[in-house]
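In what follows, chain A forms one complex with chain B and a second complex with chain C.
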Partner chain A sequence: MLALQILIDGFAISSLYALGATGFTLIFGVSGVLNLSHGAIMVVAAVIAWWVAGTFGTGAYIGALAGVAAALACAFFTYRVIVRPIQDSGAIPKEEKEIFVLTGTLLWGIMLQEAVAYLFTDNPKTVRPLVEGVVMILGVRTPWNEILTAALSWGAIGLLYLLVNRTRTGKSLLAASMNPRGLTLLGFEMSNIYVLVWAIYGILAGIAGVLLGAFLGVSSGNAGTLTASAFSIVVLGGLGSVSGSLMAAYVVGYLETMTAYLVSPSIRTVPVLLLLVLVVYLRPQGLLGRR
Partner chain B sequence: MLRSRTFQIAVPALIVMALLPLGVDGYILGLLTLAYYYAVFAMSWDLLFGFAGEVNFGPSFLIGIGAYTAALLNHYWLWPIPACLVAGAFAAVIAGAALAVPALRLTGPYFGLVTLVAVLLLQNMIVLFAGITGGEIGLDLPDVLSIDDNTNYYYALVFMTVSGAILFGLAQSPVGLILQASGQNATEAAALGFNVAKHKLAAFCISAFFSGLAGAMLIFYMGTASVGTVVDIAVGVNVIIAAVLGGRRTIIGAAVGAIFLIGAGELLRPLGQLATFVVSAVALVVILFFPGGFMGRILQSGGRE
Partner chain C sequence: MRISHKIGLAGAAFGLALAAPSARAADPIKIGVIAETSAISGVGIPNAAKMAAEEINAKGGVNGRMIEIVDYDDHSSAADAVRAFQRAAQQDKVAAVIASYISEVVLALEPWAGRLKMPMITPGAASNEITKRVHDDYDHMKYVFHGYLASTQLADVVCDAGKSLMVNDLKMKTAVIMSEDAAWTRPLDDEYLKCLPASGLKVLDHIRLSPDTTDFTPIFNKIEGEKPDVIVTGISHVGVQPTVQWQQQQVPMPMYGIASQATNATFWKDTNGAADGVIFNMVAAPDVAVTPNTIPFAKAYKAKYGSLPGYAAYQSYDDVFMWAEAIRKAGGTEPDKMVEAMEKTDYVGTIGRVVFLPKEDTFAHGMKIGEGYITGLMVQWQKGNPVTVWPANVATGKMVFPAFTKLSQ
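This part shows the complex of A and B:
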């Protein structure tokens, strides 16, 4: 009974982690950017979905769409106004671009977080779920929303997989992560590819944010934790490796759920952190990382 | 040395700061006292980042270890303050070395992540053992540095000046140049016969020493040690923003950035919740348009620096 409960809850939360981390690792794989405003963008998506659905009475679906659109807008802004100018800047030495992108996106994340706290207060908000009701799975009460969360997460990841492996545009993304110079020589415009990656990222982060808001609820104070958990999952799986991130998301999701149910919710994140330290020392390239 | 730009800027500024207690009230002095401790945090971070080229995302791990070691010794065993400060600083060095020896084998984002995780673990441990450490509420200390504003102010000012001078001197010394070379191109520096790992480890330990000492001084100034003031990620983020804002690889710039950050936070207090937003926005603009920071432009036009 408890085992099944852990299995179901862990699966839902892990799928959500996987979705959140996929976008994060995609950006890193293709353009080498670690986006520290990730958590804040997810929070924006959830809060906008909550606000639109609640204030205008548009229903959960329009709200969710608005949330994803907001995340997309934030992602574009992050790229255009922060990441791109830093990468193009002649005043920043090449070896320091990374720290500038990190600091820049970190500051931008704090700005988003504070803006959300100012406009919508920092109380936790729960987005109205797309579907209501509960279902009994072998005696475990499971909200439909939890099942939908897992299904939608996997749906989005599946679409991404098809896009990357089956379409010409997607293959250019893959090529960009392997050899950007070669791709440029073939006549592809790198900046178009980066815009595309950020657009995909925005949509993925938006869906993840809205689902998280409906599943667990979100407050502006969560932004940092969300970024940290995406970062840890991605490093655990291997930076830039999407399949590694998916696997790591499940390791983290289940480890957290088991700790919360079997030991104590207050140390929920501790085993994950210890595992992370261990992996980084013993196998710095992560579970499935190359290099 | 005497003719260097940094010296020409620092000495008049220090004289003004030393004379401040004659003209301003206790509240502003208290604020500056806090800013001076932050300045030491930021300067030690700059030694590691600006010179050794390592991004330490967890300055508050070192600060927190120093602060909590001192706090626990003072709270439970009633050690006198100087002994606590020394113990705190050395605990930070030991913890820093324990973190750095394996972590320095990693590079870039991995090193950053390990330092970040170290902070999260420390924070979790403190909250977990709340019975001993006081948890979220914090640990009150039987001793404080002083109850007089002026005395506290001078303690902080002298501490900042001495630490700044040592860190700056170190950065300008041959060791500093080797560090800088290791940070910019580790392979080439190693090919020239310098032991890159040893120098980076030394930089980490020195950074840890001053961070830990400053953390311990800070809690004896405040009279209480709490997660929010010395361990929280937000503390580390402020330190990093201060150092980058003031101008990396200048040491002095980090101090200017820290004083600016604390001062701006206070000036913007009427804005309420928006204050952090505005400070972050200003920092972002500086990073985007003046990547050298406040001091970068002033100092770098002066030649060797």
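This part shows the complex of A and C:
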């Protein structure tokens, strides 16, 4: 019974982690950007979904769409106004650009977080779930929303997989992560590919944010933790490796859930952090990292 | 150039000399308000204080001087709050401070109130430690007053009401305590462990959770496995999330106790209505005439700010009147005289009759609790509205629970 409960709860939260980390690792893989405003963008998505559905009475679906659209807008803004100018700047030495991008996205994330707190208070908000009610799975009472969260997360990841492996545009993304110079020589415009990858990222982060808002609820104060959690999953899985991140998301999700059930909910995140320290010591390239 | 500069200075000095005496007489009395304005519980503190100041000023102010509220946002950070406190005392020269609803913040400010001899009251923090320090080190800490119930007193209200609501009305026998790990819940839990059994609820387990918790599923599953009749809460930093997850997972036992976020008027909307059935403690509610001032204040607050006041707003509103009265009685803003006058407070505000306990009491400068003073209420969210369900003589409705709650076990 307890084992089944851990299995079900761990699966839902892990799927959500996987979705959140996929976009994060994709951006890094393709354009080498570690986007530290990731958590704030997820928070924006959830809060906008809550706000639109609650204030305008549009219902859960329109609210969720508005949330994803908001994340998409934030992602574009992050790329065009924060990341791109730093990458194009002649005044910043090439080897320092990554640090500038890190700092820029970090500050932008804090600005987003504070804006959410200012406009909507820092009280947690919960997005109205797309489906209500519970179902018994072998004696474990499971909210439908939890099942939907896992299903939608995997749906989005599956679509991404198809896009990357089955379409020409997607394949160019994959190529960009392997050898950007080769791609340029073949006549691809790298900036188009970057715009595409940020768009995909925005949608993934938006869906993850809205689902998180419906599943657990979010407040502006969660932005930092969400970035940190995506970051740890990506480091654990191997920077830039999507399949590594998926695997790592499940390691983290189940480790947290098991700790919460078997030890104590108050130290839920501690074992993951210890594991991360171990990984950095013993296998710095992560579980499936290439470099 | 030089000469004209000198003449200018002299002119300015002369002007000042002429203006100064009259300016001083009309100088406003400043009261500093330190709270987090992005939090709903926090923003009510400056909002309500400003309302009180406007009302006092409309009647001519204090000793002919107007009250001016100077507010500082501390982002719920003790470091920011201490900086704001220092600025309020040294630069902005406030006469008194109304500070925060978070015990950790108030405990950080307390030594500064002593050092800078700055009279201070908290409208919403609950830790017993606040008044214990006043009791233990009166000469230094006497500037601090506690304008809200101490944790132990809060627990006693929950237990008293629990005896009538849970044990007598619903025939409950067992409870699990679920509280967050924070300064204010330590004495709260100690008292719960004593007073719940005394009122007829056997405590099956005592769960302390991290205030950073976002996923409460394991906690609720654990509690459910222990089959208590009721979950007795002690939560403030968390609130929206456990409530929503309690409803989504259809945890079959009611949540009852202290839940500060539930006191916010926006709680229903923040939880998308998941709050239905949650019972929480307040000292004043918008639907009950605790005193003749309660309902008019709640109505005026809603008219001005668009939502009902959170729990700390009631106390903050009263605190401004009490400081004004203390300044009037002290004949000015000399801190020691203000403290002396404040100690003699006997004021009927929005939350009841406020009388501060003497320095010999363990809760020195805390409020006197009990019949005829501050009693506390238990309020339940019902269909979007907070409805007072205890005590019986002021209740405006009966308890109603959502369909998934199983009451008799």
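For this structure, a couple of remarks:
Please note the rule applied: the second predicted complex is superposed on the first by the 291 of 291 C-alpha atoms of A that agree within 3 Å, B and C clash if a C-alpha of one lies under 4 Å from a C-alpha of the other, contacts with A are read in each partner's own complex, and residues count from 1 in each chain.
Everything below uses one rule, namely that contacts are C-beta pairs under 8 Å (C-beta built on N, C-alpha and C of every residue); 3 or more make two chains touch, one makes a residue touch a chain.
Every value quoted in this text rests on a predicted model; they were computed, and no experiment measured them.
With chain A as the common reference for superposition, the partners chain B and chain C occupy compatible, non-clashing space.
By the touch criterion stated above, A:N123 is placed in contact with chain C alone, chain B being left untouched.
Applying the stated contact rule after C-alpha superposition, one finds that A:V44 touches neither chain B nor chain C. By the touch criterion defined above, A:M111 lies against chain B but remains apart from chain C after alignment on the C-alpha atoms of chain A. Shared-chain residue A:A18: touches no atom of chain B or chain C.
Once the two complexes are laid over each other on the shared chain, residue contacts for A:I82 go to chain B alone; chain C is not touched. Of the two partner chains placed around the shared chain by superposition, neither chain B nor chain C is touched by A:L246.
Of the two partner chains, both chain B and chain C are touched by A:S266. With chain A used as the common frame, chain B approaches chain C to a shortest CA-CA distance of 5 Å. Chain A residues 117-118, 266-267 lie at the interface with chain B in one structure and with chain C in the other. Residues 5, 9, 13, 50, 54, 117-118, 121-129, 132, 134, 141, 143, 145-146, 216-220, 222, 225, 256-257, 260-261, 265-268 of chain A are the ones touching chain C in the complex.
Here chain C touches chain A in the complex through residues 36, 38-40, 43, 181, 207-210, 212-219, 221-222, 238-241, 244-245, 248-250, 261, 264, 266, 269-272, 274, going by the rule given at the top. Touching chain B in their complex are the following residues of chain A: 34, 82, 85-86, 89, 91-92, 95-96, 98-100, 102-104, 106-108, 110-111, 114-115, 117-118, 224, 228, 231-232, 235, 239, 266-267, 269-270, 273-274, 276-277, 280-281, 284. By the touch rule above, chain B contacts chain A in their complex via residues 49, 53, 55, 102, 105-106, 108-110, 112-114, 116-118, 120-121, 124, 127-128, 184, 233, 237, 240-241, 244, 248, 273-274, 276-277, 280-281, 283-284, 287-288, 291-292.
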